[in-house]
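Okay, got some structures for you below.
Note that subunit A is present in both complexes that follow, paired respectively with subunit B and with subunit C.
Coming up: the complex of A and B.
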């Protein structure tokens, strides 16, 4: 499994990357709430927000086309419900679902691809999310690729021995074989966690993941937070004024 | 079923975020107390395991595969509180890194899948795990966790004003039942395999020491069913608005006519009408999934 491309993007260097995670989180929340509560003049407002996000992506030197395609991951799910709304005689709602979910995903993507995940989770920690939960999240992300590769090795090995789940016969046996593989993966993950914990204890782990650099909230971060929060609000007011 | 941002109306997501915050804080505290050491690495790595488990395919009928969701399996092996923490962390990572589920909707998704879904998955094991019904309780836990999560998500969407026609509702409920049975079967098979290689991994069903979790899990199941009935019966404002303005009602009749005939044809069968329509829908979706899956598999193998 290749490292997620977002992770590569988040290690770039640009003014947006250097901004404190908390400033970006505040701006993201304001953006999401302004978008979620918008009802009037939505197409115009959405267009303005789209341009704003594209400008943000360009400013952060993130490949714009790649980011736009990645945010489209949300569309299959949305499309199903958009079609349902259309069939139920409410096409306007279908359009609003597509616009809102796509722009929200793009906004989250802009923040996540300019902030390394540890910094982002630390930023969440300052907003009152339980530290324990964030540390579990950190570990989850760190070992995601390790365990996923192990799972891929196991499926490859099973395929090499002739196991294919797409055959018609022997489904019961194949089902049990897959369950066995998962059980082995579970047991290995469990053991790995204990090994990791012992190695961490040996290196002075005291129950909490220490921070190497203390992030300071500078004046420029405050300016960013205020400006980036005001922008969607101003755009919304303008859109509602133009298209009452 | 991860709800993206933009789907839920403001009262719905705001209420669920407000409800999720204390609920998650509570299970986080409980989970921290439940283990003596290695909690953070253990829960993190097992969260990664649930992610990776999606790569191992289970055969479901000819040509299609399914995979583990994991809430009930974690509840049975780690206990409900730790399982809830792991599932919440998974949802957060999915929303942030994989664009799967929204940020404002994170509270809703956490309530559906990590809190109430996990508790509903743990309830049968808690009740019958120590009796002769042990196997059944594990199966029922897997099934119940999926049904409760899915039904809650659907009710929240309907409360937010997403109109779902009755025939589609039947189809989606039928799909939920199918995936619930699958999750139950996978959970049971994995637990049985796990007990063979690591007998201590699965929690012995404890005599109920604290009634809190049992009560909350029972409430989860009740909430899912009652909430669903309420949501499907609640008249929504959006629909009325559509009826008042002429345009959308015209479009509605235009689109509704073929569907109405389709339903009418089935209605002549009397009582069998709705289940038959649902079955036909499932068959259609099954066929479409089969074709798409085949196409995707062929592409990948080249």
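Coming up: the complex of A and C.
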């Protein structure tokens, strides 16, 4: 099984990795609000934020080119709306949409790729996010690997009998075979969920998943949270003064 | 001496009407390691799920003198540790240490005590160094060891392992056998792996059509039901 790259990145040892998840989440929230509400001097502000995020990636020793490419995964979705804006005679809104969505994705990627999921979930839990949502997220992430591995096995088994995804898409009969494979995957996921539930019951599960670790918020985390939150605000003020 | 497990006339039918158990009688004495043998679908896994209260059929199931009823389930799940066939179903927490501590925290144990006991259980199975790792980063053999640690941490009196050698290569099987042979608990092994059963078990119970068809030493049961596949080399080439 090839695990996702971001998961591997998140297990690094840079100062950004060692910072408490709550500090990073607070800074991310401020970043997203500052970006989402910006209207004036957006190209300059966006450029400054881009450089700030690239510096953050380099500081965290995350491969910059790889991160920039992965953040671009949001562009096909926003590009559609950007084109609609452009056709409607408002190209500035289209550009704004693309810039904001790309930078938001890059900022989220920076946090996710420097915080292992357990720490991230604990951080969310300690900032008041409902436990039920976090538990669903935890299970989804854990079993995504198992289900995707099963999907890979099924694809290999189909390929071993001469099928390919391209053929499946091209012909109606084979498309039905692909739909059947998807149904089998769904049924297996359902069975897996039942097995997991039984394993939980066997160890005394009573409807509440207990958390073992409690992380400490240190002074350096507070400094990081303040500095990383003030940076986008300062950049926005500076950009708006330079381009009023 | 009182048996650890006493089952009398256990019957169970799934919702689709399949009769999985048709009157099973079974005893497990302290210190025993028993192999449950039999064909796929003969009722072995359904039977062991009754020992932990995951399934409830007709008849009587007693664990250390406690009948398997809803009010006794917390105590029974502490006494009977069930290791599932597929470790991926059992390891669902974000890190190995949190997974091993899951059952302990469910028992109401304080976090520092649970952490220490979980760490000790990981040391017992030789996985202490993996405590901060995510379960999906482990090999099949490592996952099995962590799954066993999650059960050992609860200090059960009886270990039930469902197909423990599935997904394990021969060195992994040998390593698991070496681990199990040193654990003091009474054990029930559901297995098709005859060398594994011969190494660990002092008794075998053969299931057929949801009933106990025979009991005896592993050698006797294997010989009686021809429960091995070794063909003579000259015949296998035909």
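FYI, the second predicted complex is superposed on the first by the 193 of 244 C-alpha atoms of A that agree within 3 Å, B and C clash if a C-alpha of one lies under 4 Å from a C-alpha of the other, contacts with A are read in each partner's own complex, and residues count from 1 in each chain.
The rule is short, and it goes like this: a contact is a pair of C-beta atoms (placed from the backbone, for glycine too) under 8 Å apart; a residue touches a chain by one contact, two chains touch by 3 or more.
The structure presented is a predicted model; accordingly, all values stated were derived computationally and were not measured.
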Taking the superposition on A as described, I'd like to know which of subunit B and subunit C A:76 touches: first, second, both or neither. neither
Between subunit B (first) and subunit C (second), which, if any, makes contact with A:162: first, second, both or neither? neither
With the two complexes superposed on chain A, say which partner A:118 touches: subunit B (first), subunit C (second), both, or neither. second
Looking at A:206, would you say it contacts subunit B, subunit C, both, or neither? Reply first, second, both or neither. second
Touch check for A:219: first (subunit B), second (subunit C), both, or neither? neither
If we overlay the two complexes on their shared chain A, which of subunit B and subunit C does A:142 touch? Say first, second, both or neither. both
With both complexes overlaid on chain A, does A:192 touch subunit B (first), subunit C (second), both or neither? both
Going through subunit A, the residues touched by subunit B and also by subunit C turn out to be 7, 117, 138-139, 141-143, 146, 192, 196, 200, 209
Which subunit A residues qualify as touching subunit C in the complex? 1, 3, 7, 116-118, 121, 138-139, 141-143, 145-146, 192, 195-196, 198-206, 209-214
Which bits of subunit A are touching subunit B when the two form their complex? 4, 6-7, 28-29, 32-33, 35-37, 70-71, 73-74, 77-78, 81, 84-93, 96-97, 99-101, 103-105, 108-109, 112, 117, 120, 130, 132-133, 135-144, 146-148, 150-152, 154-155, 165-166, 168, 171, 174-176, 178-187, 189-190, 192-194, 196-197, 200, 207, 209
For the complex, which residues does subunit B have touching subunit A? 2, 4-8, 10, 13, 24-25, 28-29, 31-32, 37-49, 51-53, 55-59, 61-63, 65, 68, 73, 77, 85-86, 88-90, 92-93, 95-100, 102-104, 157, 161-165, 168, 185-186, 189-190, 192-194, 196-198, 201, 238-239, 242, 248-249, 251-252, 255-256, 259, 297
Interfacial residue positions of subunit C with respect to subunit A in the complex: 49, 52, 54, 74, 77-78, 82, 84, 86, 88-90, 92-95, 97-98, 101-103, 105-107, 111, 114-115, 118, 134-137, 150-151, 154
